[in-house]
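Input: structures, listed below.
Two complexes, one shared chain (subunit A), two partners (subunit B, subunit C).
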Partner chain A sequence: MIGGMKTIAVIFGGRSTEHDVSIVTALASIIKPLELTKQYRVEPIYISKDGDWYWDQKLKNIDLYQSGEIEEFMRKAPKVHLLFDNGLTLVKSSQFAGRKQYKKIDVVFPAMHGTHGEDGELMGVLEMANVPYVGCGLAASAVAMDKVLSKQVTESAGIASTPWTWFYSSDLPRRHSEIMKEVEKLAYPIFVKPAHLGSSIGITRVESRDMLMNALEVAAHYDDKVIVEQGVANLIEVTLPIMGNEDPLPALLEQPMLHAEDFFDFETKYMQGGKKGGKKGGAEQGAQGYSKIPADIPKDLYDKAVKLGIDSYKAVGCSGIARIDMLIDGKSQQVMFNEINPLPGSLYSHNWKQAGVSGVDLVSRLVAYAEQRWQSRQKIATNFATNYLKQF
Partner chain B sequence: MRKLVSMYTPRYVVAIVYMLQSTEYEVRPYLAWLRRVQDFTKVMYRRELHKTRPAMLLLVGLSLGMSLQVVLGVALIWVGYDSDRVVLTVIGTLAVATYPFVWAYGVVILLVIGRALVINPKQKRRIARSGRIFADHKGRKIAVAGSYGKTSMKELLVTVLSEGKHVAATPANKNVALSHAQFAEKLTGDEDIVILEYGEGRPGDVGHFAEVTKPNEAIITGIAPAHLDHYPSLEAAATDIFSVSTYVGDEHTYVNANSEGVASFLKSGMHAYSEKGALGWNVSAVEISIHGTSFRMHKGSQELVIESHLLGRHHVGPLAFVAAYANKQGLTKEQIEAGTKKTKPFEHRMEARNLHGAWLLDDTYNGNIDGMKAGLALLEELPAKRKIYVTPGLVDQGIETARVHSELGQAIARTKPDLVVLMDNSATTQIQQGLEHAGYEGKVQIEDRPLEFYNNLEHFVAAGDVIMLQNDWTDNYN
Partner chain C sequence: MQIVVDSLLIDYSKIGSGKNTIVLLHGWGDSRQTFEFLEKELVNTYTVISLDLPGFGKSQAPDTAWDLADYASIVSKFLQKLNIREVYALVGHSNGGALAIFASGTGVINPDKLVLIAASGIRNRQKGKRLAIKLVAKTGKVATFWLPKNQKQKLRKRLHGSIGSDMFVAPHLQETYKKTVRHDVQAEASKITKPTLLIYGENDKATPPIYGEIYHNLIHDSVLEIIGGTGHFVHKDKPAQTLKLIEDFLR
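And then the complex of A and B:
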């Protein structure tokens, strides 16, 4: 700590198709409000698309990325090393006389989306360092980021989902007819998705058999696992941001403004400001484009969805923050788990603000949750005295 | 030390011109600011230098002067060194070392001479010419004076009276003799009503404005500590403001009785207006919300239904007065009601804005204690999940500074906001003392970078919050 201020490392970028989304999440929704609390000194850590780590105050400036000057920066800047010394310390070579610069980190705030970050890999490193970090732990992140695993885990907890199947991408050429047969047990329309990717990358809505093979190949191109889900009739799509550890706190149930025959692809979500569905009365523009907050559905259905969201959060073992996507059959009033996002884009702060939690308040609470979880983990015994070595 | 080093940076000359411009080339506030500055590289915080003709002339002049002094100094050092004349070397060194001081203070002499020889005579001729225009004008001339609320009253009068009359008014907050003169030059002569805002600056101002503009009626909007750096006391300022009544007569003077400061100056012959009524009209059924203010007015069998987008109970009195005055001037019920419906908050004066479901009440042009209390009363009245109050305090309070800020702190405490955000400046401690004295138990946050706080408000607020932002200090007060 410096002068009573805690040092927080915000890690963003990374080897992921959502690299750029991560930069925006980190700079706009995490670093800025963290600094405004005046309780934390923020150290930005940028991971390049090649996986190199950089640490510099300049990395907090969005112009660096927008102008492309980041390439020049990376050519000159020293890479950062991690030192595990009963916590986490950043180390980099100073440009003056090769002296090393050290920075002890009190809390890490991962702002990574997608592979090699949101999927538990980064959390594994942070667990090894025994440093408090914000958001879901290693196991919950890995399960959440694998759509197949998350369905298996939630199903085992008795949480409903739409009929689905899955296969390894490597099996597609070898077990082609078997996979097709399995997939065709589902009723069209169906959705074909890479199992680990977010931001709607590689997802295809398939209306008929002639589109199917292409959709499977596209998804297999992006991921080693492919999940195929049956579409929901009379669809109402809702999403619920949640934060907390043992006692999760829901934000407001949000209803993306899209038609039943439509869905957001990456372009719609992030590049066009989500205008595919068009802006309608009472709609808010958030990370997912225009949506209704709170969702415009009957109260009992709303409550049912919130309960299923919290049940899913707990079943997967989430902590800190996550967002649960759910599908509702408007006619049968059935609510189904769809997927879970362990680090929602921009923390879904637009929704939290509507729920009465400001951006500054949100990041402060998330840091407090991280410290609370770390404290409770310190109480767990990691030593067990044996005479095993003596007997060896 | 930081101050000294910053005087030798290339931007120093720009900072000097910026300070002169920000203080409207007034010598006293400029010198006071010059003494206060801790770092000249951080003087231009809120805005940049406006490249006006006088500013550019000064910039070029000062740059040349400073450069010449340095060149001369270096030359003297050189000659002194070359000829072994220590005196020349010392003088040269002094010339190089002192150029920032010489020109920062030397420019004041230029200003005083320029004002005395060129500007003042020119302005006097223009003001005298405007006196003749006002004397010949056949329309009803209304003077609006007071420590606060002048611009709002003027705008209310224009909006409502324009429904049935040809009205002209001094623009924006242009309220000194020269701006009256400029306004007079634009009058066509066929206006039914001419409204003149009087901005008191120093003793005698209001009386002088009245002599030149020759009003038939006067409205006094309130008395509170303001511009007290130029008046010896609040009483002196009030005396100056009320001097307009000796010109128009008590029977033609209308006074806002909701202002505590008018009490000892209000005479029985004057017409008092308040949230209870005006000119024989009674006010009832007042309703206040984030969207506006409404009430009914009755006089005998007559009724007026007043709806306005203006926020806060303190607007009831002025709205009632304007409606009653419009009735006196012959406007119909329909015209008055249509006119008042068009009234809305002026920029940065109790202006409501929705931000992510939170309501921001922008009252950053509010600069007096009565106005601050009115804003606090509105904050107290509005329902909210969380109430936040933001202020840097007040300026130009003169000898009243400590008392006014302590009073402000106590008023804030009585409103019980969940969070009070104060800007780190000379008034902070006094407000905090007021808060403590009144037993405030909420959270107090001190911001050392006001602009950053205002620019990042979206990160601090959430749905259900009501945030009242009162007053904002420009660079020359920091």
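And then the complex of A and C:
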């Protein structure tokens, strides 16, 4: 700590298809508000697409990435070393011969999306260093980023989801007729997805059998596990950002309008007075495109979805922050768990803001949750005296 | 849309519901986006399939160096996998044109009609150019070995550019490029019996109109159209005119 200011390392970039999204999350939604608090000194750590780690104040500047100057920077800058000294210290060679620069880190704020970061790998390193870090822990991150595991975990906690199945990609060539048979127990349309990847990579909506095998092969090409889910009729998609440790706090239930056409349909509908009473929730353009915040659904359904979101958060063992995606059958009013995102893009700060939590407030609370979890973990005994070595 | 063919992920689009199917093949360093205009217009009458060839656009690159035969084979397998038994027309631009000639001439794909836009594949006329490329590649390597990596790449890129080599357009496919550029498809062209439309740009430096004349002589049932005031990307420079020629020919 320097003059009462805590040092926070924000780690971003990484070997992931969401590398660029991570830069924006880190710079705009984490570093900027952290610095506005004037309580933290931020040390940015950038992981290149090749997996090299860099630490430099210059890395806070978005122009560096937008202009492509980052390539030149990486050619010249020394890479950072991590020193585990019952905590985490950053080390790098300075411009002066033989001199090294050290920086003890008080809290780490991971801003990674997707593989090799959001999936628990980075959390494992931080656990080993015994440094407090923001967001879900190793196990919750790993479960959340595996769509098969997260469904198995939530299902065992009695949380509903749409009918689904899964298989190992390596089994597809050997057992393809068996797998097809299993998959076809689900009703079309079905969604075929790689188990681990984010966004829409490798995902196919399959309407009929003639498209099925190709879709299974594509998903299997991207991942070692493939999940297949039955489409939901009268679909309303909602998502809920949640933060906290033991007592999770929900933001507002958000209804993404994924396609521009949908958005315009919605606008047209309202503009033409198709629905009396005007809009309940305004249409916001947030990090993920247009969405309605709060979701425009009946109150009991809204409450049901919030409860299912919090139940899922707890079942997977999330802490710090996460976002739960849910599917609702508008007719039967059934709410179903879909997936968990342990580090929502831009922290979903647009939603939190509407829920009354400013960007500055959000990052401060997340840092406090990180410290609280770390402190409670320190109380758990990890060693005890034995005479095992003496007996050896 | 994506599909896996021979363990390679291929990005493609299949649009329209016409009885007859048209398959579009883009050129070296290009992608299926090059045909955006043609695709949008042709879809009113035909089923249009357009794919990113392996190593280009959003399709996965092959692990080994490929030649035209490998590309022809993957396109054929891709069509089989999509259950396309009959191709009404194969349309190729530049290297995609050479590929279309190779695939049709060797019978790997049997379209009813061929449309070749600024098709390449005439290689022995360019002995001088190839020699220059070879020379530049060799001397370039020696002359730049002492430079830092990025400077080296920049300088070599400029050297290659100055003699009109596409070598650096897709750096990950340099070996494939060398194999493809060596392949002359005049022999395959002479075996084509199907009606063929040849379109060339008057000011095309990469595949000059003389190529069109050569193919016109080799392909018995062919028509040659040279569009004035256009370069190598005829279909982009004069999209409406190119489309009109294609539509009339396919009718």
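By our rule, the second predicted complex is superposed on the first by the 367 of 392 C-alpha atoms of A that agree within 3 Å, B and C clash if a C-alpha of one lies under 4 Å from a C-alpha of the other, contacts with A are read in each partner's own complex, and residues count from 1 in each chain.
Operating definition for what follows: a contact is a pair of C-beta atoms (placed from the backbone, for glycine too) under 8 Å apart; a residue touches a chain by one contact, two chains touch by 3 or more.
Bear in mind the structure is a predicted one, so any value in this text is a computation, not a measurement.
Engineer: Sharing subunit A, do subunit B and subunit C clash or fit in the superposition?
Structural biologist: fit
Engineer: In the overlay, answer first, second, both or neither for which of subunit B and subunit C A:Gly202 touches.
Structural biologist: Once the two structures are laid over each other on A, A:Gly202 reaches subunit C alone.
Engineer: Of the two partners subunit B and subunit C, which one touches more residues belonging to subunit A?
Structural biologist: B
Engineer: Just to be sure I read the superposition right, which of the two partners does A:Arg75 touch: subunit B = first, subunit C = second, or both, or neither?
Structural biologist: So A:Arg75 only meets subunit C here.
Engineer: Considering only the touch criterion stated at the top, classify A:Asn214 as touching first (subunit B), second (subunit C), both, or neither.
Structural biologist: In the superposed model, A:Asn214 contacts subunit C only, not subunit B.
Engineer: Kindly classify A:Gly137 by the partners it touches after superposition: subunit B alone (first), subunit C alone (second), both, or neither?
Structural biologist: neither
Engineer: Using C-alpha centres only, what angle sits at subunit A with arms pointing to subunit B and subunit C? Round to the nearest 10 degrees.
Structural biologist: Nearest-10 rounding gives 100 degrees.
Engineer: Which holds for A:Gly231: it touches subunit B only (first), subunit C only (second), both, or neither?
Structural biologist: A:Gly231 contacts neither subunit B nor subunit C.
Engineer: Which value, in Å, gives the least CA distance between subunit B and subunit C in the superposed three-chain arrangement?
Structural biologist: Subunit B and subunit C, overlaid via chain A, are at closest 34 Å apart by C-alpha.
Engineer: Under the contact definition given at the top, report the residues of subunit A touching subunit B in one complex and subunit C in the other.
Structural biologist: In the superposed arrangement, which is not itself an observed complex, subunit A uses no residue for both subunit B and subunit C.
Engineer: Going by the contact rule set out above, which residues of subunit A touch subunit C in the complex?
Structural biologist: 71, 75, 202, 204, 210, 214, 217-218, 220-221
Engineer: Which of the residues in subunit C come into contact with subunit A in the complex?
Structural biologist: Residues 1-4, 7, 9, 81, 83, 148, 150 of subunit C touch subunit A in their complex.
Engineer: Where on subunit A does subunit B make contact in their complex?
Structural biologist: 32-33, 36, 350, 352-361
Engineer: Which part of subunit B faces subunit A closely enough to touch in the complex?
Structural biologist: Contacts found on subunit B: 356-358, 385-386, 452-453, 456, 458-465.
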